[in-house]
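So that you can tell them apart, the chains are marked A, B and C in the order they are listed, and the count of residues begins at 1 in each.
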Amino acid sequence: MRTKVGSKLRLGSAAIVISLLWSVTGLAQESHIGNLTGNARRGKALYVRYCIFCHGSEGDGRGESASYLDPKPRDFTKAVFKCRSTPNGSLPLDSDLYDTISRGIHASGMPSWKPLLRQERVDLVAYIKTFSSAFQEEKPGAPVVIPPEPANSAESIRRGAELFQNMNCWSCHGKDGRGHGPSAATLTDSKGYPVTPFDFTSGSRFKCGETDRDMFRDLTTGLDGSPMPSFADAMTADQRWDVVHYIRSLNAPKGHSKLKAELKTP
Amino acid sequence: MRFVTFQKIGMQLVGLGILLAGMQPAYGIPAFARKFGLPCSACHEAWPMLNNFGQTFKDNGYQLGNDRDAPIYQDPGYWPIMFRTTPVWHRENNNRQTVDRVPGDPGSGLVEASVSTSGFDLGGVDAIAAGTLSKNISFFVQPFFGNSGVAITQAWARFDNLLGSHWLNVKMGKFELDEPISQERLLTLSNSGGLYYNYFFTPPGDNNFFQGIGFTQLGVEVQGHSDNDYTRYSLAVVTNSNGQTGLPSSNTYDLYANFNKAFEARWFGRQEAGVYGYFGESPTYFLTQNGNPIPGTGQGNRSFYRIGAYGHWYVNKFDFYTFYMHGSDNVFLGNAVPSNHPELLPPGAVGPTWNGGFIEGHYNPTPRWIVLGRYELTRMSRQANPGIPDNAGNLDTWTVGYRWYPIMNPRAGLAWTQEFSRINNIGAAPLSSQDAIRNSLMMGFDFDF
Amino acid sequence: MKAKFALIPAWALWSMALSIAMSSGLAQAAESSSSVKGVVKFSGTAPKASRIDMSQDPLCAKAHSTPATTEEVVVGGGGGLANVVVYVSDGLATHDFPPPQQTAALEQKGCQYKPHVLAIQAGQKLDVVNSDETTHNIHPIPNNNREWNMTQPHGMALQQTFAREEVGILVKCNIHPWMKGYISVFKHPYFAVSDKNGEFELKGLPPGIYTITAWQEKLGTLTQKVEVGAGETKTADFTFKQ
């Protein structure tokens, strides 16, 4: 009897130790995007091929190329990400990381990795999550609500301009939206590297997506790790749409010229 | 480098490593790694072979498309140039080389002998300047410094993403035809194994100015691709000169078309299949002055084509190229007879046709290793005239090798490579009509910086 | 089968023992009347505070009839150093304390943080108030807690907590770059921020030997070891130099 107890105990504790080790190494981490499941072990091989020179072997954004890059590559060990659909201060969803990998980040060294297989990108998400224990200790918040966009109008743009003034957007983005507001020169990201506010007149694409919905989402979630805050509690959804319309008008493509003309009339 | 002489050298050229010293230019471009901070392995399965990310980057006009591609974003000290050189040791053997029975005595008669040569050697130096002149205008200049002097392998400029779309790009200059299985990005370098024979095949007795889709051509190409490069097409109109400058051939234009489509196979990886065709007309005689042909005045144009299909298949860390070609030349081209003298055609003359292809497998366990093997063959299905032996021109080749990349960083690349290849020109030994077998054993470094 | 059942009582004993130990620790905290008090001083000439230019935002500038000054080193009369976080850094038997029901408060007033240095407990609710007409964003940049960044116009309610222990979390307003505050978070209740005279008291400590640390945002940290018996009040003074 005793020997049986002893061997069962040994087997049981061996199993516990092994599974503890396995989970501690983090390579048991999975990701779920759509109907695909990502595996961190496969993701690691892909990370070494594609990501390591910018993001570093420890995932801390200190790869060999990092000293020559501006903005700096993301430090995954902090689990702080700009482009998310979750509320301010929350972890991103797996699909947020997948979208960032697929889309890339404009005006930065992060390319669009769409040429990689979908499965490969899902595997990479699983591996990236192993760099921070936050992904095991916390859960991402529920995605922010993005209601349907109301129609654009000169009135909406006017309200947006007023909000742009009252919410102090101009102190960073400048009164003309070119990114040279009075606080702009003092801005740093959360690691202390200088950053410049977005120039809305430049025609360059936004970091976290190009559509109006993406802009609304950015206003709602804020860009974590940067000076760009969340306006989720500061403005109602309609107000945020007004700001989106105003920002678009700062670099209006041809279709919006009529609205722009309306704005000019006294 | 005068290509005109190729017209006169027939079958012997096949298997001699046509291009210059025979070691094939191939490259990864560290200038891109330096520009973007990405390692070689991001764009290359194992340089010089591209992966899909790298192929998309190339099709986008060497742009990552993240609004930072224009040269104005680069440090003024950045210059988009790289060099590549391959110092190697190699041994070549030809089992039925025709030599004088008594060395130095032409009267002693010719015999066949097995001849080996070996030693340290250099495959020339490739310089490549490539990148963007401004947003959506890309360029590529590739001079090759070889034993016979400087040759311009490629020199072109391309307007990328016209009308804001990936589907419209226009390239002009001297360029490699759009072949996803690229002759310029071979993993092999040796005399016998450093080329795809099907890309350079000319049937015995043929004098077609066009020598194969492996040569870079002069013309205009319209190319397009989907966002992730899974669907691609290319249409090129080139002048019939086989890439030689100076308008040496005729006023005809050839057409090259390529279409390929890829898809994801859930557990295996990316699979790609494509079709291509090269359709042209070559001159069969020239205007002459005192009996000497005047370059560029090609007359009596007759048609030819090369068509086929190819694929690139992944099974996790293994991948395979499969390639098939069917070639056909007009009877006048096939028999090297000017079309204004049809009476010179031998009895029973026809247009030669042939089929060929290769399968090349790779094992790429990490970005630092690639092991490869290739089998290639060509079989004449119809000889130009009954006087040509049935198996003339047929060939079989085997190549095995590996490349190891000890250094991989966004500044330069280094590979150690070893390769053995064997080509059998079936029945091609001029004296005995037995198989002429050549093999190459090669090992050395491939520097890319 | 028999062997499995034989194991369970042992584990149950373990968990019972643990809970007894924990509850005894908490009971002790409620009963103790020992404390550590003292004065934090600055020796030498106090560095001169510089004036803050708030002209960028007229709504800030008008809140100050004389310009506001920086608060990096605030020395009161008698050399007392204010805004020093004094806390027990070592010696506690347990770190398991429920967060207090009481809500802490951080106010943005006159485009400055009041208090300039705040200390709260992990899990304690923090109300952030914007008493100014202008809109602020409140952006703490922790190393050991989740970073967040919320825009707060006048009157908007905002409540947050910090889950983990961390000393000297920098709080910024990106809109008004001169605004700087510090939040320190502890898992236990034995901490205090020195007042304008440099005085502090750590109340209700269980008897024991403790390391007391004083943290100042510019001048660094100082530590001392203090032994407190039951019902005793020990003095621990700190003197910071330039």
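Assume a residue touches a chain if its C-beta (ideal position, glycine included) is under 8 Å from a C-beta of that chain, and two chains touch if they have at least 3 such contacts.
This structure is a prediction, so every number in the text was calculated from the model and none was measured.
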item	value
Chain with minimal offset from the mean of all protein Cα atoms	A
Most distant chain from chain B, judged by the mean position of its C-alpha atoms	C
Whole-Å separation of chain centres (CA-atom averages), chain A against chain C	31
Rounded Å distance, chain A centre to chain B centre (Cα mean)	44
Inter-centroid spacing, chain C versus chain B (mean Cα positions, whole Å)	71
For chain C, residues contacting two or more additional chains	none
Residue numbers on chain A that touch chain C, as the complex places them	1, 4-5, 8-9, 78, 80, 88-90, 134, 138, 166-168, 171-172, 182-183, 186-187, 190, 222, 224-234
Sites on chain B touched by chain A in the complex	36-39, 41-42, 52-53, 55-57, 64-68, 227-229, 264, 266, 269-270, 366-367, 409-410
Of chain C, residues touching chain A in the complex	2-4, 6-7, 56-57, 134-139, 141, 146-153, 156-158, 174-177
Of chain A, residues touching chain B in the complex	45, 48-50, 52-54, 63-66, 68-69, 104-119, 204-205
